[in-house]
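By written order: A, B, C, D and E. Residues from 1 in each chain.
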Amino acid sequence: MVTPVYLVVSLLGIAFALGILGKPLRKVAGVITLATMAFASYISVSWFMGLWFGEQSAAMVFTAGFRPPFSINLLMGFEEAFFLSLVNLAGLFGTLFLYRTLMKSGVNAFVILLILIMGLNVIIMTRDLFNLFVFMEISSIATAGIIILNPHQKTISAGFKYMLATGIVAGILLLGIIFFYHFTGTLNLDDTIRVNIEAWKGITVALFFILIAVIVELKPFPANGWGLDVYESVPGGIGMLISTASASAMLYVVYKLLPIAPPVFFQILTTIGIGTFFFSNLLALKQTHPNRLLGYSSVGQIGLITGVIGLSHFLGNQFGLIAASLLISHYLAKAGLFWISGILNKTHIREWSVIRQNRLLLFLFSLFVFLLLGFPPFPAFYGKWELIMQLAGSGQFFWLGAILVASLLEGVYLFRWLGYAMKLEAPAGEPLRVGWNQYIPLGIFGLATFVTGYYATHLSSYGSLINLIPLAFALGFFLIDFLPVYIKNTLAIAGMGFYFYYLYPDLNGFDMVFSAIFLVGGILTLLAGYAYKGKRIGFYPTALMMFAGLIGLVEAKTTLEFFFAWEVMTAGSYFLIIRGKKSMEHALSYMLFSLGGAYLILAGFSLASIGQSTIVLDILATAPLYAPLIFILLAIGFMTKTASIGLHIWLPGAHAEAETDVSPMVSSILLKAGVFGLIILIIRMGEQHLGSLSILYILSWIGAITAVLGNLMAAFQEDAKRLLAYSSIGVLGYILFGLALFSHLGWLAAIAIAVTHFLFKALLFLAIGGVVWRLKTKEMYRMGGLITRMPFTFISVLIGIIVLAGIPPLSGFAGKWIFTNAVIEKEWFFQGALISFAGIIAFLYCFRLIHTIFLGQLKDEHRKVNEAPFWILAPQYIILIIVMVFSVLPNSLLHPIGEMLKPYFPDGALTWQGQYATSIFGYWNGTWVMYVVVAIFLLVFLWLWFMNRKAYRVKQFNIVFAAERPFRPETTHFAYNFFAPYKKAIGFLAEPGVTRFWGHVSEGSHAIAELIRRIYSGNGQVYLFQIMAFIVVVYLISFGGF
Amino acid sequence: MSKEDLEKRTVYSPEGEPIEIDPLNDYFLDLRPESYAPRNGVIEQFANWARAESLWVLGFGTGCGAIEMRPLMTPRFDAYRFGIQWRPTPRQSSVFVISGYLSVKTLKRVIRSYEQMQNPKFVVALGSCTINGGMYWDSYNTINRLDHYLPVDVYITGCMPRPEALLAGFEELKKRIKAGKGDGANKYADNFDWYKANQKKIIKDWDMPDYNW
Amino acid sequence: MHWFSLEYIAMNLGFLLILIGLWGIITRKNILRIIISFSLFDTGTHIVIVAIGYIRNRTAPILDTLALQKDTASKIVDPLPQALVLTAIVIGLGVTALLLVYAMKLFETKKTLDIHRFNDLKW
Amino acid sequence: MENIWIKIGYALLTIFIVLNYGLLLQGLFRKIGARVGRRHGIRIWQPWVDIIKNYTFRSRIYHGVMYYLGPVFRLTGGIGLLLFLPVIYGSEMFSNFSFTGDLMLVLYFQFFGVLGMALGAGESGHPYSAIGVSRGLSQVTAFELPLTLGVLAIGLQYHTLNINEIVAAQQGSILNWTFFTNPFAAAAMLLSFLGAMGRSPFDVVLAPQEIPIGPPTEFNSSLLGVLQLNRAIFPVAKLILFMNLLFGGATNWGELIIKTFFIYFWSVFVGIAFPRFRVDQSVRWFLSIPLILGVIAIILIKF
Amino acid sequence: MLRNSLFLIVLAAFAVIAFTLVNAWHPAESLSPVAEHYATNGPTEVGAANLVTAVVVTYRGFDTLGEVTILFVTAAIIGFFLSLFHSESPEQTDRLMPASEILSTASKLLIPFMLVLGIYVFVNGHLTPGGGFQGGAIIASAFVLLLLADPLSKLNHRIIAMVESVSGVAFVLIGLLGIFLAGGFLDNRILDLGTFGALLSAGVIPLLYIFIGLKVGSELTNIIGHLQQTQKNR
């Protein structure tokens, strides 16, 4: 192994030597610089690997040949090697990225960079306080130097503020160090550990000065205006160095100083760190400059890790994994994002839509966003998971909540930004040009996200259990995205089919039902994909990612696996949803609600794991503490996915604006994930009480109200897909209600409805999707009379709405029948009545849907519309066959579900004699109902046909129009505001109150952000004042006075 | 409302292909009415009886005589006793009472409504104006002889005829129907061209298909 | 009485300079004055460092006489802070030089040295 | 089902009886209505003639397949409803196909015809049909809520949804009728019943001049004839349902006729006495008094 | 106004904090253990009569390396910074006042002496007060004087940079030799410690101080030279 001194020697020596080279030789200088950086990276990475695999033990370097404390010593331990690797790799790739810019600026730029990296190296390794000070000064001066690589008035003023701030901070650090020396007689960290820190106040104040100076270097809120200005002014490549290399090194300094810090310091660190995380993310909401936004995010992430360091007592042996994975995520993501920002060079995040010129960049952008937010399979996922678990385990609920809320805020602006990039109109401008020296670092860091994710999976305590194969299968489609749709579609269907076949022997009970919905349903909806031409770039990886997540939910045995799958599903579905033309906002709100829900689930799981030795899902059943709270958290989390009232506002837009075959995927399949979650929750936790009030009782009301309002709002929609989306909300309300009944019949109904909802909603969305496909509009009043043009679609819609409305003899009635029995059994009449009221309201939108589209007046421009494409019809007719089988033979669906439920709910099961079902209260024979109805229908039809045999079929305007004639189909088709009187009567119930509420929440948080961020007035003196005030305030808090 | 609605126009399908719209052909069934031969014997007699005993009158007051139709339903005259009921839509009505003079403007509506009734259908012409124009015989704006335009089953004279006269007229109509003579619809179909020509002579802005199904 | 001894005077003076420097840095509008205040602040810290190392009635740690070479530890002041202050001074010099260059360039961009004018970056 | 043909025979018999009874009721109540208006009114056999007449039209038009099927759906709904009901309590003969489903089947099957008819009317392309359907559906949703509460109360009261059992529980004395044992549920349901019968004040659906009789405005000749058949059968089926639920059912046709007459009379009485509601008014009305009655019924039964 | 009073409060609070520090401070009565080690073992271990030098160059030689680096990087930044803006405006030499006769004459006289003094100071750094930094500063001040006397004179940046780089590299290399030949990086004992108090003693310290002196001198000169060039551009 190479002595760590060579890090210093090589970087510094080359820096000195480069001075000899003049401008003409700057090419040589560049190559030498890169080589030196590579050498430094090699040293640090080889140390890191050696230490990791235990081939190497930590090394201490004594300068000047004397032992510390008399001389300065450098330590190369595991942590040091890790941080050195980060810093040096950042240096290497950062330099490579900036290569052309640096080349223009001359040799000095390389010198400054080398010295910056050298300074950071020593900061990490040194064990001497004063030496730390010296090299901190070196790196801050060098930073001030590279800031002006982009010489501009803004850069200069930012650099000046930066210099002033770090100067003051350095002075305070120096004061602290010298007094520390005075009180302890040493400057060496290894030596001072023995010092009794509590000895007298002087030393604590001295320590305080040291620590607060180091903390201020981390740019804590609110004393960080100077740092943010720097981030905004510098180009992305330099911002990357500051955000990754410098920040990592400073972070390590904090970590290094911990042993000498008084205990109160940990709380201070936590407060400052998580406070910074929270406020940075809050203030970033209003930020529109990409670099400054990244700066906020950067400061926030570092704050989070600082907070984690402060909380290290509570994290046990997971601390390392948590901090490292969070840091790695920040490091990779921020590097990548800053680099992309450097390539795009835009001043407003809305202008980032130019990124679409380069799909690879867009891919990387979203990759880094997901990495930063801790989505699986990336490292921060495990970090955040373990963090929350440990925080819950040690009762740090406040910090737990704060971290989750702040993470959600982070999600808001990052996903908004991603949405802008994917959806906004790109501003005109020069085409993007990306050099090879820019691709290499980006590519390597992009790959590193997966590599680190893989290692994090294996390092985390239960991560190795996770089945990554489906996800890998999905991600593999990124590699073959250049293939045409039909190949990819076939592959996808084959893959899912095989996976179902592979899982099939092990499936039973709920798993069976839901895997069937997820996989078989997925295959059915994918069939429609054959209707697409071209490549559909990005569709298959993300769709399969969603399905991988869904099936992962079913396969999950542990909470971690479940949460992993949940997040994978969320990520995949986000991309599916945002594919729609106008889906930008809807995808954002979908993502935000999903994130919020996911964090609630995470919190719930973490609470459930308190005091339990394992994380299998069954711990929910045995959670010793806070069971009701766990239940509520998880239930709300799952209800964001089932779009219960209050949490539903994301759904209509997201489902309505999605593509033809995506709508059925997200509506009929994805929503079931929430149902599945609720099932595994309720089945394990049973009935929980808040005081004397059963939570299930509350859920039943929520379900009922959701059903009514969802259906009511559906009835007032003008947009066909939106109507169906609201209808989904309503149906999910029934399911929630059924689950809340917590009885055999209730669950039977819920699951039967879940299955039938999958069938009819897929049917309807595909059918309506086919119509929209042909008509290129979703407004129902623009349609009409299409029965003659699209008869097959009409038939599937007709069957679909009859099933939806639960009208006998089709299978939808089963749900209604069981429901009523369950309601009477449970005696929850009012909710039950609301549910059946909702069922009746469903007629309104069902009729409206079929009437305004297929009946009434055919519009001129649709006179030659063709039937929907075959591949959109094909899955519909497969579903139709299934529906008819379930209708004629209801026990083929209900009996297995009933058997499945018996272990959980032995009482109140239906008794089956063939197709004849008996409940406690009533009976029903679906087959005979079908026979009778069909027989009567045929008889009546024959009678009418006989009587009416010579009828003339007339055309669309041959109607009695009060002795006039119709003028235009548009003015004759009664469709717009169809239920006007109904709206007049009870339309107030469908007022978008919830939307308004969330709108106010959003506006309010933005207003607060706007208010608070005014403290960054741009005036350097104000920033200094903030630093001083920050120091004083922290002093007052930590010492409780002077 | 305007005539442009019936002019040919080009619209574009969602795919952007032009579609030629010819409203009269595309929106309206273009068929001549058919004349139906009565059925044989008892069945037709029974049918005629039923038709006669269930007279559904189209509620369309065309002229001033309409004012005399309302009292028919009052307790004093109570036409319901005779199986006479009002029906608001021509599709379901079998009797059309032309209540008084027909202005040119109304004639168009009457023709349209008449044609929308199903065969067999009966016309009761009410008042002198329908016979020869009455006091408006030289008006620039009314027609004189209704049976130039529609086949009339029964005329009820008077200006205006009293409700009692109307009841008598209906009784007469019933008799005609029962006797199998209520075949105005067939007559209209058989002499369709003649009727149409007459109608078109009066109605200058003919903006409907030849037969309104 | 000990307030008037050298080490106390130095220490208090050092802190006084630090406070004056801070006051100047934050209240002066002119960038050059700010830099001068920064120098004051810096110098203050240097004086404090020296004061820390001072031990009353002892001599400099330069063993140029034989007397000093015996029992040195009881005769000299602490050499370490002196070494440190040397480094600190140089660092201060570097920072000040940079600040001055920045100030120069700032003046070039807006032809003013009023720090309130340089707030284009904010929020 | 070896005796299925016998069952079919009985079913046809039931349909025949109910059809004629339904037409008789129509005539009777139009007559009553006329007499209230001091008129003589129609001949009592007028409804029969009207139906026959409608089948005797020589020409017919239709607007499309769904339009054609609309009346079929409608009549199937009516007949089906009738056949799913145990018409005469204790009579194997007139229980028809009530073994296939309980009260819930009956309640939901009502909508089979409604929906089919609405679709048929929709295909006529006539805006008035659509307006009528819109009004009709709006009212349906409104009166279903109190009705459901009443049904649930009855289900709870008798602890069954089996109509036969519900009827059985009411045997013995008049005081055993749900009407007396559960007056609030009965009140809620009877008020809903007014809406279900579509008579004044809830007949704006069929406003004759404004939207010439609404949904069926385009139906003619034999299509209208089918609808008229349903108009005879369907109300009677509903009457039988309410009779079974509230008035102890009927053990023979005589009892059935008496009871259903009076239930029908209730709606006629209200219809003659009260003017028409607009849709929004009727929706609000159903969601006020009948709803409150239904809630009271539930509360009384439950606690 | 409000801001100033607000700051006064914060500053007062800071003063109170500082006061607690001062209050806790008691002037040292004896050397700290580390300093005691320097005092007792320094002469034998390092061989420098000037203990401060021993600390600066050897015990804490790594700091000194950093120190030199700071000056170096400052110079580099200034050079870089100013080069980014050059060719901004045409030369306006006429606005500069020529130096006075006294100044130019005195400078010619003094500069050689100053250079010699500077060299003396850094060569004797391990024996007497002074050292590389002090000596370097004296050398740089000689060049300041030169520039004051003749504002238009041009310093040869190539040479200065060469000196700077070579001495810097030499510093690092000598430090590196310490690893191979003695106890560690920057160990001064790669050469014989020599006689305590003699000019050629204390191992490699005099050599290092020469390079430090050259480096500091050239760096400071470099900074000043750069600043002077911008001055010319005014």
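As a working rule, a residue touches a chain if its C-beta (ideal position, glycine included) is under 8 Å from a C-beta of that chain, and two chains touch if they have at least 3 such contacts.
Source: prediction; values computed, not measured.
Participant: In contact with chain A and with chain E at once: which chains are those? Just list them.
Facilitator: Expected: C.
Participant: Counting one step for each move to a touching chain, how far apart are chain B and chain D?
Facilitator: Contact-graph shortest path, chain B to chain D, evaluates to 1.
Participant: Going only between touching chains, how few steps reach chain C from chain B?
Facilitator: 2
Participant: Identify the chain pair with more contacting C-beta pairs: A-D or A-B.
Facilitator: Looking at A-D and A-B side by side, A-D shows more C-beta contacts.
Participant: Using mean Cα positions, find the chain sitting nearest the overall protein centre.
Facilitator: Measuring from the global C-alpha mean, the nearest chain centre belongs to A.
Participant: Roughly how far is chain C from chain D, centre to centre by C-alpha average, rounded to an integer in Å?
Facilitator: 99
Participant: Quick check: how many Å separate the C-alpha centres of chain A and chain B?
Facilitator: The computed centroid separation for chain A versus chain B comes out at 70 Å.
Participant: Can you work out the whole-Å distance between the CA centroids of chain A and chain C?
Facilitator: Roughly 51 Å, centre to centre.
Participant: Give, as an integer number of Å, the spacing between the C-alpha centres of chain E and chain C.
Facilitator: 15
Participant: On chain D, where are the residues touching two or more other chains?
Facilitator: 59-61, 212, 217-218, 221 - these are the residues of chain D that touch more than one other chain.
Participant: Return the residues of chain E touching two or more other chains; collapse runs of consecutive numbers into ranges.
Facilitator: 7, 11, 14, 18, 25, 28, 32, 34-35, 38, 59-60, 63, 66-67, 70, 73-74, 77, 81, 85
Participant: Mark out which residues of chain A touch at least two other chains, giving numbers and ranges.
Facilitator: 130, 134, 137, 141, 144-145, 175, 179, 181-182, 187, 952-954, 956-958, 960, 1025, 1028
Participant: Using the contact rule from the top, write out all pairs of chains that touch.
Facilitator: All chain pairs meeting the touch criterion are A-B, A-C, A-D, A-E, B-D, C-E.
Participant: Provide the residue numbers of chain A that touch chain B in the complex, in ascending order.
Facilitator: Chain A residues touching chain B: 774-777, 860-865, 952-958, 960, 963-969.
Participant: Which positions of chain E touch chain A when the two form their complex?
Facilitator: So the residues of chain E in touch with chain A come to 3, 6-7, 10-11, 13-14, 16-18, 20-21, 23-25, 28, 32-35, 37-38, 45, 58-63, 65-67, 69-70, 72-74, 76-77, 79-81, 83-85, 158, 161-162, 164-166, 168-169, 171-173, 175-176, 178-179, 182-189.
Participant: Per the contact definition, I'd like the list of chain D residues that touch chain B in the complex.
Facilitator: 34, 37-43, 46, 49-50, 52-54, 56-61, 208-209, 212-213, 216-221, 224
Participant: Give every residue of chain C touching chain A within the complex, in rising order.
Facilitator: 18, 22, 25-27, 31, 34, 38, 41-42, 44-45, 48-49, 52, 80-81, 84, 87-88, 91, 94-95, 98-99, 102-103, 105-106, 109-110, 115-116, 118-123
Participant: Please output the residues of chain B touching chain A within their complex, sorted ascending.
Facilitator: For this pair, the touching residues of chain B are 1, 5, 9, 11-15, 17, 19, 21, 23, 26-29, 31, 60, 89-91, 109-110, 112-113, 116, 207-208, 212-213.
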